[in-house]
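Shared chain: chain A. Partners: chain B in the first complex, chain C in the second.
Showing the complex of A and B:
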């Protein structure tokens, strides 16, 4: 008997989608892309050519926007009738279990569409007794299952069969988790306060602010890009979209790319052709960010560029999703395999064209 | 509107690694760090492995941590070699691989580090 050892040397698969379009195009997907990326951990705006953020963008960053953390919340609270009527149906509610790793633990999320998503282990799934689907990423072994409960259905009320079944399942399994929560009431200028007072009496709640950070760059090399061309040119007049994306990543990670050190250490430097800019500003926000805030920043930057508030050729807005969210965009399943990246970058040009980069890891469906 | 979809193997992979010595007072400069990586590749794959281009994009000598870049086809080899390393210069040490991604941008945020405690 011979024994052969098969070594797989291929790296984990990943997907990068680069899209070129215009904000004025009717078919443009930029709004959908921002609004359907529900769980955002970090947002970063990079503007070359300015020492300070332009006024409208600055105002949006300065707006206070808090989120809440609720400790040890049993899932039965999420199907509480008052909770559904007063919060789920009357605004955009974003909830995501905190400190739960999707490749190890059960993860729960409430989407603003009123869907409760549970990504649970096989044993929990069997005990729960609810109908779900095996996770798309381990169909053979069926290690994890995804259960969806529509909280906003008219027939999802106490006394109805489906409701009682879900309630019994949650009571039997005693599932609970710490939750990050953000709620935007529909229409009114009401604050998110009521949602806190709803939980405050029975559970430990805490209000948190987004952490903000500003970085300033001086004498930075910018790769030259051509807004109408993603691919490389024949005679190297501009950089490709992929090169630009890698460069922006380097800037965001605080890597000095103006000059390459000796070859033995690294061969990476700013892609060519490039142009020196005297100053650049990078502002970031970290926490639990609702898509509405990202949209507000995008609109503000566009209006600043229209009003010529900053002399920059372009601006870049990057948004990082939660690595352990059960969904990436809309209801597309998301998982963790070596990494849980689900992030997008909008490169906004002056002429209202934009490039959209959507990057996801192995356990993700192509956006 | 134009759309480019790249699936499968990325041209480059990035690794966020930390080198830990049993002797916590060890000082390691970037050249030594590069040599440790080369030795690790050498002992696993010989001369060919040692010749693989690995870029140290960022190095922090206080924590002996770095962001590395390697071609997609060599990523698994590098990861394997780093994992198997246990000695440098007869001093016990180990690499910790914290994050691996085909996107450099992904290293700018890490939601798993967001730890919130209520008092």
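Showing the complex of A and C:
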């Protein structure tokens, strides 16, 4: 038998990008990173050495920021002229289809840049009749397609060929889904009320608030990190960035890292060298979070550190994206293989420097 | 659409056990199961060659609640696995035989080389299932397997026997890797053949098992989702010349119009494609989307 079998037992690949920079550096990409991660599911702030959140950060978390779930919304509503004029063009509109899995079903999203992204199956794509690109994952078998409709274009008005074609496609396929919706009007301090009244008459709308949770840790071992060194030290004076990140993940999951490594259930221990801290606070917010809120928390933590309201050496802000979002950052495609993580963590130091960790799963483009 | 499926849940009269298995499947994330009747086509006169399909298991609202919340439906299908050894049994599997057509999926388990080749070349089946728990009674050859893949037939690998016994585990892995050398990971479906609820595993775990057999990551995930959907499409077009049409059944019946219903495959002339009968009801046309030849 001349045929051979290659068994590749390596685990599905995931990617982690670590970079360090300073907030004051003009080429710093931290703003772009926060603002282009459109769909955020969970935001977690971890501050060691404090029993409670410092005041500015607390204020940002307390500001209520609700989002809406609209049930059974057909896609033809998204290309409605009034909708585009009043909401898409006049602020940042974030919409993501709810309870649709990106590897099994069709997923639809509206980005704040005004683009409508449809990640559809081959059947739907052929029925839809619009031009799109095959998915960048599993390119050999063209099974999923990504269609992009630019809603903000001047020529995208009723009567023009492009608009009519898109409309006919949506009417023919009768696509609909539940949508998570969040709208940030530009400029004036307008509330998001108008968008709800636009949909309330015809569709069932639910108003939801972000779920907040506070965890307090006591007697926690913290790894020692040096803000200017990511890699290993020669004398074992500080931990590497990867060790620190793994430790933070363990803390977020509630794993006790203080135990000795021979413990039966968990052999994970805090990386050395480490220091004992009396308290630490971890505040999380889960729901549908706009990037603006993440930016506000980041700025609040930075100002607290500058004003010495917060005695800790560093703070960690982790933001998780949706597992079923069609995009991770900006227009980069995101998929789900056995996991759909797309998250980032900012490790903020007192001296205005930071470390940025960006982690994505298998079916993802390296950030 | 690419939902996770388990196409081999052995049907038994013990409805309590079957109910537990189906409930566990829902909990693990499967959206489609097929109740499998494994029979040797009978040769006694006066008895139908194959039994009629089993009824779907009744599921309570509580079990279906999580799926309903996500607006998904749970699909229960019926499958017939015919164990064939002689030509006589093979002929009982033609579409003219009424009970055979009433099953959603048709599978065949050949016991010798001749039947295996017949299944790959001629028989109108959707799945070829080989008993991997023992040394295969015949050698696998590339030509019939290639022909089967070209015709759109899938090969099945079951994993529950591997959970039951370590010797069976060795045989299954060895036979599965043998099969992989020929089909290179294409056209494989992974299913359980679980006799108890505890023998079921989650779809991502089963996909990892596929990697162990020799598929790559993408193929392994397909083996539990997309390939199963392809089996269903193949079953729909079984008997017609080439499966190029996806027909959507229209359930509504408007007065004065002949309803459009599924035409049984034309056994006389294999070259005619399935066509609608009667006029189209006003306002609702059957959706015919041309697809690529279903492989």
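Going forward, the second predicted complex is superposed on the first by the 356 of 367 C-alpha atoms of A that agree within 3 Å, B and C clash if a C-alpha of one lies under 4 Å from a C-alpha of the other, contacts with A are read in each partner's own complex, and residues count from 1 in each chain.
The definition used in the following text is that a residue touches a chain if its C-beta (ideal position, glycine included) is under 8 Å from a C-beta of that chain, and two chains touch if they have at least 3 such contacts.
Because the structure is a prediction, the values reported are computed rather than measured.
Visitor: With the two structures laid over each other on chain A, which partner does A:99 touch: chain B (first), chain C (second), both, or neither?
Guide: Once the two structures are laid over each other on A, A:99 reaches both partners.
Visitor: Between chain B (first) and chain C (second), which, if any, makes contact with A:110: first, second, both or neither?
Guide: In the superposed model, A:110 contacts neither chain B nor chain C.
Visitor: Looking at chain A, does chain C or chain B touch more of its residues?
Guide: Per-residue touch count on chain A favours B.
Visitor: Which partner chains sit in contact with A:123 here, chain B, chain C, both or neither? Use first/second/both/neither.
Guide: In the superposition, A:123 contacts chain C only.
Visitor: Quick one: is A:338 in contact with chain B, with chain C, with both, or with neither? Answer first, second, both or neither.
Guide: A:338 contacts both chain B and chain C.
Visitor: For A:361 in the superposed arrangement: first (chain B), second (chain C), both or neither?
Guide: After superposing on A, A:361 lies in contact with chain B but is clear of chain C.
Visitor: Quick one: classify A:241 as touching chain B (first), chain C (second), both or neither.
Guide: The first partner, chain B, only.
Visitor: Going by the contact rule set out at the top, does A:281 touch chain B (first), chain C (second), both, or neither?
Guide: After superposition on chain A, A:281 lies in contact with neither partner.
Visitor: Given the touch rule stated above, what does A:9 touch, chain B (first), chain C (second), both, or neither?
Guide: both
Visitor: Find the residues of chain A that appear in the contact set with chain B and again in the contact set with chain C.
Guide: In chain A, residues 8-9, 12, 99, 338 are touched by chain B and also by chain C.
Visitor: Where on chain A does chain C make contact in their complex?
Guide: Those in contact with chain C are residues 1, 3-9, 12, 99, 103-106, 121-123, 126-127, 137-138, 141, 143, 178, 337-338, 362.
Visitor: Where on chain B is chain A touching in the complex?
Guide: The contact residues of chain B facing chain A are 1-13, 30-31, 34, 53, 55-59, 67, 69, 72-73, 75-77, 99-112, 114-116, 118-119.
Visitor: In their complex, what parts of chain C are in touch with chain A?
Guide: That would be residues 1-4, 69-71, 142, 177, 180-182, 204, 207-208, 211-214, 216-218, 221-222, 225-226, 246, 287, 289-291 of chain C.
Visitor: Residue numbers of chain A touching chain B in their complex, please.
Guide: Its residues touching chain B are 8-22, 25, 27-28, 41-42, 44, 69, 71, 98-99, 101, 180, 204-206, 208, 230-231, 241-242, 245-246, 248-250, 252-255, 264-268, 286-287, 318, 320-324, 338-341, 343, 345, 359, 361, 366.
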